[in-house]
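Look for chain A in each of the two complexes below; its partner is chain B in the first and chain C in the second.
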Partner chain A sequence: MPPSSNADRRVGLLPRLALFWRQAPLGMQIGIVILAVHLVVAATGPFWAPYGYSQMRAGMPLSGASWAHPFGTDQLGRDIFSRVVHGGHIVLALALSGTLLGLAAGAVIGLWSGYVGGWIDEVVQRLIEALISIPFLVLALMAIATAGPQWSGNPVLIVLVVALVYAPRIARMARASAVEIATRDHVTVARLRGEGAFSVMRRELLPNATGVLLVEFALRAGYAPVLVGSLGFLGFGLRPPTPEWGLIISENRALLIVSPATVIGPGLALASLVVGLNLFTEGLARILGRTVRLGAQ
Partner chain B sequence: MTPTGAPDPALQVEGLSVSYRKGAGFVRVVDDVSFAVARGEVFGLVGESGCGKSTVALQILGYRSPLMRTDAGRVVFGGADVLALPRAALDRVRGAGIAFVPQNPTTALNPGIRVGAQIDEILAAHTEAAPAARMERVRALFDLVGLPATDAAAAKYPHQMSGGQQQRVCIAMALACDPAFVVLDEPTTGLDVTTQRQIVDLLGDLRARLGMSMLYVTHDLGLLSQIADRVGVMYAGRMVEVAPVADIFTAPAHPYTRGLIGSLPRLDPDTAAPAARPLRGLLRRQDLPEGCPFAPRCEHAEPACARDRQPLEPTGTPGRSVACRRWREIAPEIPSSEVIDPAHGAGRSGQLLVLEGVRIAYGTGRRRFEAVRAIDLAIAEGETLALVGESGSGKSTIARAIAGLVAPEAGRITLAGAPLAGDVADRTTDQRRRIQYVFQNPDASLNPRARILEAIARPAAFFFGRRPDASAVARALDDVRLDPGYAARFPDELSGGERQRVAIARALAAEPALLMCDEVLSALDVSVQASVLELLRRLRAERGIAMLFISHDLAVVRMLADRVMVLFRGEVVETGPREAVFAPPFHPYSRSLIEAVPVPLRRRAGGAAGPDRLRPDVAEAPRGPGCAYAGRCAVEIAGLCVGTPPPLRTAGPGHAIRCHHMLDDLSGARAHPPAGNTAQ
Partner chain C sequence: MTIPILVLRRVVLAAATLLIVSLIVFGMLEVLPGDVASRVLGRDATPEALATLRARLGLDLPAWQRYLDWLGGLLSGDPGVSLVSGRPVLDILAPRIFNTLALAAYAFALYLPLTLLPAMAQALTRDRAPDHALSVLTLVLLSLPDFLLATLFMLAFVVTFPLFPAISLVDQTSGLLEYLHAMTLPAVTLAIVMAVYAVRMLRDNLIEVLESDYVRMAELKGLSRLRVLWRHALPNALVPTLNVTGLNLAYLVGGVVVVERVFSYPGFGSLLVDSLQLRDLPVIEATVMIAAAVYVAANLIADVAAILLNPRLRRG
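Let's look at the complex of A and B:
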């Protein structure tokens, strides 16, 4: 049977999306819905949030959950729900751009190391293992400490730290697939032609590793909000009054008994984002990993 | 031979239709196929890849999958419909009643379980026998399939066996519970010709002794003539012809069958069988007509052919039926004159490529394996040299050394007088350009994520600094007889033969002086093989490109090569002009290779012992200083061949044989022995 006929390509984008939706596993459909809600809130939230993110005395301080303040108010009387809504795009932007940077760096390092092999590969892999062996939060704190106080609270630093934590892990996956792809004949053909390492990486390896890298990106992106939130919680993230979710949880952790909604609210937002990303990722990995084709020899 | 309408067939397939899921819908891949296999009969199912033959084979085992759907039909075995059996009953039938021998034993056997234990699993599942009795049975089965009946053999892991031995284990596994019916799906496709011959001999022998029925699925019509009683020819999911095997070759009725037979590369072009024209075109599933699926490729097609459905109808001859409304009218074709040697190579000048005393080894220390020992080889400009030998003979290693993928340990390689560095990275760009490599499997040698345009434009851009040019690519595609519209496609939108043409076009884009073709035809269907072979011959004649053609298929070699070099375990045992190598005197190994090629309708005696005494234990042992072929040679001289290197005897101009025997002794005209000769 001729696989993937041209017929698939002629169909418009919408019917193909509809087909994709129908064939997606249920978990993935749920993940897509959760993610869509988060994206819409992140994109439009600042325009319809009931109060400003740093607007004090929006309600009685510590008034607890109510219709007016679904996630309650903090000690300064700020509306937590508004803060969470305002913070959505910050969390998403930090997590995604950090992961994207990590993906780019990891992919280049991993593909190169896997393709050239030899002692270069050995050295790079040992370095990567050393980085991976450090628990990621410790690694992140070390990087922030090294950067020095003048960088503290800078969103660029957060992005770089997320990239630093993820790049070695992504590089390992990229290397594994580069080692496999490098044995294929089309890479040999390029090598016989005399193509340089970067030309081979760009033309032969990268296009064939996109599946692996896409799954890896989605997987890492699923945990990046937790990392960003953890840094915020520990006080190494953005500076107050930025409504970053980890920071909100950190600010209100003392109020857990008095007004639990102030912690549970942003916690729920973070948790649902992570769950949504992971459901989506798992489905994506399953679809991209589905290679069994019956009837083909 | 048993006629179709046997009163009590072993197995009967009635109106079977199967669809595979594709996108949102289903695509019909088997369409209303019916046939019956009599008790003790071997029914061959033949067709090109994608014709649905393997799907039919799997349906006989009641294979079910969410990706496929059985639309209609019954498979009657033992009075019950296999397709309607509940799961538990199906489990009892499979293995015990109907057994299966898969195509690739390497993936079919579990690499982590000893082979004896794997056979034991089947016995444990289907019989009540005690473990000791089961082990007894395993040993008996080993004996039956020609493996040593010892516990040591049963305790081996699959990777410790050769491909042929693994396939024997799979056959033993299939026979474990004395099934009444065995389905064999391309059981010899991945094996060497000599091993293939042994397996086919074994199957013939088993069938004579056990009297079971078989369905033998293959793309190799020549092979079927060795084993099958009747043959069913499938095309695009339909059965187009069913006939006794002799009739298929002497009087094929359906135009597709004729084309298939015409496409077979033959070792003996002087044979009396009716030569037919090779198949044209390709199977395109997207534009199959309502009526005869072959109509778009058929030279006898009328408008009505494409319109009316043509069921399989008896021809009047016992056991024959054909699905063609015009089969009576189509006159037997004029035998096409076999043009073996186009007058190319005229004005041949100096040597293009010379290898002197090249030795290649892999690994070091105790794991060192010498793949090629002291090879001398020369290819003149415009000349085609064929390297022939079984897997492990070092033929691909030589090609890899010439390409610069593996550095020789000793010796030197020169291209047009200039020495070539061992590693491709150390060669000049021009040297790399002049040697181009076409790989066996176009699926792997084309980047699946690059369009055809990029694949073909890249060498020109790299070597000549030309900008990717659509019209140049279109010309390149036209040179290999592909539609220029393919430039925008991805490799997976092309068929295997088309992909191989793209790979050839890519190699030609570098304007090479030497084209290395490493088993380029072996992954392709026969009709596609014929057309790619024709393409290579034409390109060679037009451009005067020299070729190093590596193949295990002697029939193909005979059609293409100017000179032939026969390799065995890294040594040249015979070399010479094509006609000299294919005629006596033969080296004993060359003879066994030539005799192993299935020749249609020349069936061999049932005995499993050919002239090549394959003893894998010997074949894998480190060999002594003597003849490489000692230990497998049928005419080995005890005490001499193992210890003393054989002399190189000159048998004619440019024809040399490395053997202890005198040339006269090697001349015995046994190229196609009479039946009694091989039985010994």
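Let's look at the complex of A and C:
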């Protein structure tokens, strides 16, 4: 248990954040800075990006990297830097809302199944096991095929797919911690008081599983931009001209010889976002006293 | 419990998992609300084409009967006929699976040295510059999406230094050298993606083992540091890493989808993407089932190996 609680709560938010910053490992500080830059760019980018995301003839087509076009221009003369800046909030929003939905569904299913036990738990476990057995990218692609052509390119579908891929993995972790927490005395007391399953879950299990779920969320959120990017790259994600980074990379891949900057630019954006998220996750896990294996699928 | 019963239990559980996977796959692709035929043919299909496809898929039969027919076909080794080319799915799958197996074997051969050497170098130079540099490098590589890593390799070794072909086309007539030439870049990409996880894990395990008493003992006997590392520390540090290797095998099944796509390598993964684009249901279903079967089998082998190696698990 961290020495938080009442004494801490009286201190203002800013001093507490400053304390947190000083206690954070160096890697985590770097991660936070990278994430902050990404957040600021995502939130404000559409207002200061030099060109529109689908504005053609912003410069000579395929003119390569220059001061006017740091990431070059594509076949249609669109400025790739502007496209990347415009895409920031799309990538972040899809990745975070998908992971959040997966976390909510996974936590509820996992905690419930671990707490009630019995045949329900057995059935849920088999179902989770089966969903995890399908490699996550294959599951994601299959889900998109299931949705059919009417849904293709719909951002809601991408969010649902990310949630579908993560929910069983998060549910497995939540179930494991629910099984462990359910043996504690305060849970037994709550049950003897006559509280129902959902009340026990919310008041006794959830608060004690927060650490596990937080790390799990950070870990999955770190990989979600890659999943979204992979779908875009394979042509199953958002539709052009949406400036999603994976899609930009796939659009310009054929012109790698002429203008490598158009691939390296969005690649740099995606990779730095994931580096930031991974550094943050590693630091968070260390602060919460947990071990985390980055990138574990 | 005796070992055969424990192993048998795992096998039954694995079979049950695969059965549920088959229900999920069939349910998602053929039973879910909406007309399968119009999902396959797209929005602007003529009514006649839709009727023909419905008849071919046997959509007038109840869902459970179609499922049983399909499952029976899978189990007897006949996953049906492609909707697009009309060829048996098995004929389409066989060469693709061979190509991907060759690629996977090549990638695994590269994976071992790519894991052992950096991890050992890091353990030997713990908390000094080379260790830190390699830690940063593995973290960055870990954060690079595999499609981006593959594309960067393409930029480096196809565009800038044209050592390898951009499109890795091979078939049964290709010789061994042609295969190796075509497979090198995809295999290196897959090997690196797999190795970065294992390196980070093995480094931590090695350092933990190097702090144990028996390693101190070996050092005091005057053995060289490399010999201590190789003979005394490595065997004990490898056990948890084997676990990661099992996970990596599971990654490989999904990873080939992206990497084969980038290098246009005619394997199992690019077949899945192609058949998804063509909405060729029998081929999609067969490939997804194979991918899940590989995952389940890899986990089963890891579980059984753990039971055989660790007597404490036998009580389970």
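To be clear about the criterion, the second predicted complex is superposed on the first by the 282 of 297 C-alpha atoms of A that agree within 3 Å, B and C clash if a C-alpha of one lies under 4 Å from a C-alpha of the other, contacts with A are read in each partner's own complex, and residues count from 1 in each chain.
One rule holds in what follows: a contact is a pair of C-beta atoms (placed from the backbone, for glycine too) under 8 Å apart; a residue touches a chain by one contact, two chains touch by 3 or more.
Please read all numbers here as calculations on a predicted model, not as lab measurements.
By the touch criterion defined above, A:L141 reaches chain C but does not reach chain B. Of the two partner chains, chain B is the only one that A:L19 touches; chain C does not reach it.
Applying the stated contact rule after C-alpha superposition, one finds that A:A104 touches neither chain B nor chain C.
Once the two complexes are laid over each other on the shared chain, residue contacts for A:R193 go to chain B alone; chain C is not touched. The partner that reaches more residues of chain A, of the two candidates chain B and chain C, is C. Once chain A of one complex is fitted onto chain A of the other, the partner contacts of A:L270 are limited to chain C, with no touch recorded for chain B.
Contacts of A:L76 after superposition on the shared chain: neither chain B nor chain C is touched.
Of the two partner chains, chain C is the only one that A:L127 touches; chain B does not reach it. Using the contact criterion defined above for the overlaid structures, shared-chain residue A:F236 touches chain C, although it does not reach chain B.
In the superposition on chain A, A:A68 makes contact with neither chain B nor chain C.
According to the touch criterion, the shared surface of chain A, contacted by chain B in one complex and chain C in the other, consists of residues 294-295, 297. Considering their complex, residues 20, 22-24, 27, 29, 49-50, 54-55, 65, 67-68, 103, 285-286, 403-405, 424-425, 427, 429, 432, 435-437, 439, 441, 444-450, 454, 458-459, 462-463, 489, 492-493, 495, 506, 510 of chain B touch chain A. Those residues of chain C whose C-beta lies close enough to touch chain A in the complex are 16-18, 20-21, 24-25, 28-29, 32, 34, 39, 42-43, 139-140, 142-148, 151-152, 154-155, 159, 196-197, 200-201, 244, 247, 250-251, 253-255, 257-258, 261-262, 272-273, 276-277, 279, 284, 287-288, 291-292, 295-296, 299.
Listed in rising order, the residues of chain A touching chain C in the complex are 126-127, 129-131, 133-138, 141-146, 148-150, 222, 226, 229-230, 233-236, 246, 249-250, 253, 256-257, 260, 263-264, 267, 270-271, 274-275, 277-279, 293-297. If you check the complex, the residues on chain A that touch chain B are 1-8, 19, 22, 184-186, 188-189, 191-195, 203-204, 207-208, 210, 294-295, 297.
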